[in-house]
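Take a look at the structures listed below.
The two complexes that follow have chain A in common; it is paired with chain B in the first and with chain C in the second.
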Partner chain A sequence: MIQDHLDIQLIAIVTAVACALPGVFLVLRRMTLMSDAISHAILPGIVIAFFLTESLSSPLLILAAAGTGVLTVVFVELLQRTKLVKEDAAIGLTFPALFSIGVILISRFAGNVHLDMDAVLLGELAYAHLNRLEVFGYNLGPVSLYVMGTILLLNLAFILLFYKELKLSTFDASLAAALGFAPTLIHYGLMTLVSVTTVGAFDAVGSILVVALIAGPPATAYLITNRLSLMLTLSAVIGSVNAVSGYWLAYLFDVSIAGSIATMTLLMFGLVFLVVPSRGLIAIARRRTRQRWEFAQTMLVIHLFNHEGLPEAEAESEIAHLHEHLRWDPAFATQVVKYALNNRYVSQEETLLTLTERGRSVAQQALVQ
Partner chain B sequence: MANLSILIHLDYTLMIVAIGAALLGAVSGSLGTYAVLRRQSLLGDAISHAALPGIAIAFLLTGSKTPLILVLGAALAGWLGTLLILSIVRLTRIKYDSALGIVLSTFFGFGLVLHTLIQRTGNANQAGLDTFLFGQAATILESDVWTIGILGGIAIIIMLVFWKELKLLVFDEGFAASLGFPIRVLDILLTSLLVVAIVLGLQAVGAVLMSAMLVAPAVAARQWTNKLSVMMFLAACFGALAGVSGTIISSSASRIPTGPTIVLCATVVVGFSIAFALNRGLLWDWIRHQRNKQSLKVATDRLLKQPQRGSE
Partner chain C sequence: MQASEAKAIEVTDLTVAYQDQPVLWDIDLDVPPSVLLAIVGPNGAGKTTLIKAILGLVRPAAGNVLIYGKPYEAQRRIVGYVPQRGSVDWDFPTNVLDVVMMGRYGALGWVRRPGKQERELAMHALEKVGMDAYTNRQISQLSGGQQQRVFLARALVQDATIYLMDEPFQGVDATTERAIVTLLQEFREKGKTVVVVHHDLQTVTDYFDWVMLLNIRRIASGPVDETFTPENLRTTYGGRVAFITK
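This part shows the complex of A and B:
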């Protein structure tokens, strides 16, 4: 039982990290939806290879499906190159057509093959560890762990080997081309990796939720950092956290594991979106409130400064009447006075406000600017 | 017209399904025109996937499988997903494509969680996930045709009422804003109309293929004309054509699902349009290219044959 828990979580983590790494580059290159297209369009490849091999985990099937994935990319680019169809429409045309061919193939030959549509689309992590690798009678662990582990190493190797090229062609494609880095080659390399990863992941999480693993963690990491290397590391960590917490959530409520990993991905993105320093929603809201108070306070000291030492000064600095002079809501005026008193920009004598040294210099500065 | 005469000889159930598919094709074709022109072709994909949790929650709350209630839940969830996409893009530096991908997949994942929850309660009346994913055109009843006709008709009428405003929004958003049109409201209106079309189509072609029903007719229509009104009319016709021919083809042989066949029919229309459309099509382009080459050759020949003047 404990072994099962460990196995499933291990598969989930390895799959999540393997997806997150190429996902970083997809998010940065604005090509996230290509993974959506690939994950759907590999269906006919899977079906045809399954007819031939009759096994869902044979290497031939993975190669055939990955080939279909690359073919999808080629189709989309050919359509775009006619200049008659924009990129988004080209994607939106290609993958449903290929997917339809896959669905028709399955239902035409449904009697002869044991290929479950739900398994392909939705995956089931709970059973992924049941198919175990056995060599000479020794149980060496789940097959899908080996498959995804290999794919993870492949992705890692590609990114480490071509880190410089990937970075340059992602952030400045024309400079990369000018320097002779062959961005097209890098592009197709990346697309091949995405195809292979998607195929590897489909029997664990299914083709729709692969997109959550590919896009979610990198986008979350993108909210946190500006550095590519840090973004890669963070994506891997976030992907793993989502996978493990999603697994336990699913265990707790006895629901789909893949589904709850996707749900955790959304929650994690939302959480980071809320709390991340300087770019998060809370930080933005706090900055806006602070700016509002600061601005009101500056208005107040300028007002006091303008009338300082003049005959009407007494009337103009009466706390109870400030809101009339500055056209503020009375409650808001009281708050501003309190804020300014706290900052020692003004001091209070009976019912009158006077500027402090500090307040006077702030007012002078504000007026000069 | 040829299609109509075939239909008369078909049996009643098939006719109902064909009419339903044709209406769906027409509605999604005309509303998809806006999505394609605004480069939001994949928004349909996102909305249709994001609708799943809405259907599950509507079912969990009411316990009924009445199409109207489920459709309402689907529409609410799809609408919420779209708003989330728009606010992610507005408030962070995450780009449109990533926001779309995240909302699409995670909403769907959450729907899957709710779905397994429903399954676990052992409720025999559960909402079928297969139907949601692939649609079941064969189960379209006469009452569904009325629902599609009325709701789709209302959506089309609203679109026609705001024709001028929406046209301006699509082609020159900045100008529309400067004229004082409420851009955000119009944007939300257009998205809501799109949500209606998608939710109606879920039953027939399913979530996965719904995006094609929005994109394909509009892309095909775009090749034949530069006028919005003509494009929209053609898209509606192409959508209806794909719906009817897909239904007929899938009924002519056993075990061919209707939804995917409709999508493939629409794809064929796109392929034909890209290849053979007047003026824009690839064939036309090639002919023009050859003609230009020919006339260039004639011109250079003439130039070379001329006695060289002014060379001395």
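This part shows the complex of A and C:
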């Protein structure tokens, strides 16, 4: 039982990391939709290869599906090149066509075999560890762990080896081309990897949720960091956290593991979106509030500064009547005065406000700007 | 053909078309070494396309481009390219130093990673464009002028003999424009050839010594004082230009 828990979580983690790594480049290339297209369009490839091999874990299955995946990219780009449809429409036209071929093939020919629609759409992580690799009678662990592990290593090797090329062609494709780095080749290399990864992950999470694993962790990491290398590492970590927490969520509520992992991916994104320093919603809201107070304070010191030393100065700086002069809400005016007093921009002498040296220089600066 | 090695860039009979729509019609252009050449022409004249065709980024329907007598593929190392600032995503997760180091990627070749030497070259280039205080700045936090300086520093570390620049003055402040011009003129003094897609007709005579007037066809090219005439400009802009020559 404990072994089952471990196996499934390990498969989930390896799958999540394998998806997140190429996902970083898809997010940066604004191509996450393409991964969704690939994950659907590889279905006919899987079905046809399944008919040929009658096995769901044959390497041929992965190759055939990856081929269909790359074909999807080619189709989309050909359609786009006609300039009659834009990229989103081209994707929207291509993958349902291929996916539906897969669906028809399954419903027509695979009615009695182990290739049902639910597994295709949602995956079956709960059973993924049951199919085990046995060599000479030794149980070496779940097959899907080996498959995903290999794919993970492949992705890692590609990204480590061509890190600089991937970075340049993602950031500035025309310079990459001018320097002779063949961005088209890199593009198709990446797309092949995405296809292979998608097929591998397919078994575990199905065709719909795989895009959550590809797009979710990188999009979350992108909120946190400004460095590509860190974005890759963080995506892997976030993907793993999502996988493990998703697994336990599913265990707790006895629901689909893939669905729980995808839910955790979304929750994690939402959480980071809220709390991340400087770019998060909370940080933005706090900054706005602070700016509002600062601006009000500046208005106050400028008001005092403008009337300083003039006959009407006393009337203008009477705390109780400030809000009338500035047309502020009395409560707001009291708050602003308190804020400015705290910052030592003004000082209070009985019922009058006077500028401090600091407040005066702030007013002068603000007026110069 | 023997004389072609004396030409930094030699474009012959170059036609670029999208389907049957010509973007460049039978362009001939000779650029001698160590000149500062402006390519000017109205919107849609094919200025950017010409630069891209020289760099082999768009496939010509006809014609040929030679860099010091050889095709571009053989001369990549000596050609530096500054694309339009707007052509890249400035939200990309990287910093100023990293972008400048990209200029060394060509010299590094496949797989090899930039190291200490590349870092030093990049630092030096950033000093040169007055951006050394921004080394670790995230690129999305730069102003337009600063972005352009970063691009220029990236071109600097390429240490090229020929530079092709697509609107380096676009959307930059007056100080940056000054700084760029000074740098370009320094390039020329060192015998480098600089080709610039340029928009501001008022500054052509101040900044450049050669000019090419382009509007799908080549209208004229040559030294500014001979070529940059009201008549040629009228032909290029279809008489819609109100321009006073000095």
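Annotations
Quick note on the criterion: the second predicted complex is superposed on the first by the 365 of 369 C-alpha atoms of A that agree within 3 Å, B and C clash if a C-alpha of one lies under 4 Å from a C-alpha of the other, contacts with A are read in each partner's own complex, and residues count from 1 in each chain.
Here, contacts are C-beta pairs under 8 Å (C-beta built on N, C-alpha and C of every residue); 3 or more make two chains touch, one makes a residue touch a chain.
Remember, it's a predicted structure, so these values are computed and weren't measured experimentally.
Partners chain B and chain C fit side by side in the overlay (superposition on chain A). Shared-chain residue A:T265: touches chain B; no touch with chain C. Of the two partner chains placed by the overlay, only chain C lies in contact with A:T170; chain B stays clear of it. Taking the Cα centre of chain A as vertex, the centres of chain B and chain C in the superposed model span 90°, given to the nearest 10.
Of the two partner chains, neither chain B nor chain C is touched by A:V301.
In the superposed model, A:I104 makes contact with chain B only, not with chain C. Between chain B and chain C, it is B that contacts the larger number of residues in chain A. Contacts of A:A333 after superposition on the shared chain: neither chain B nor chain C is touched. By the touch criterion stated above, A:Y222 is placed in contact with chain B and with chain C alike. Touch criterion met: A:A178 reaches chain C, while chain B stays clear of it.
Between chain B and chain C the least C-alpha distance in the superposed model amounts to 7 Å. In the superposition on chain A, the residues of chain A touched by chain B in one structure and by chain C in the other are 222.
Residue ranges of chain C in contact with chain A, taken from their complex: 52, 55-57, 73, 76, 79, 81, 83, 87-89, 92-95, 99, 102, 105-106, 108, 110-114, 138, 140.
By the touch criterion stated above, chain A contacts chain C in their complex at residues 28, 161-165, 167-168, 170-172, 174-181, 222, 225-228, 230-231.
Every residue of chain B that touches chain A in the complex is listed here, in rising order: 36, 39-42, 44-45, 49, 88, 91-102, 104-117, 120, 129-130, 133-134, 208-209, 211-212, 214-216, 218-219, 222-223, 255-257, 259-261, 263-264, 267, 270, 274, 280-282. Residues of chain A that touch chain B in their complex: 27, 30-33, 35-36, 40, 79, 82, 84-89, 91-93, 96-97, 99-101, 103-104, 107-108, 110, 117-118, 121-122, 208-212, 214-216, 218-219, 222-223, 250, 253-256, 258-263, 265-266, 269, 273, 279, 281, 284.
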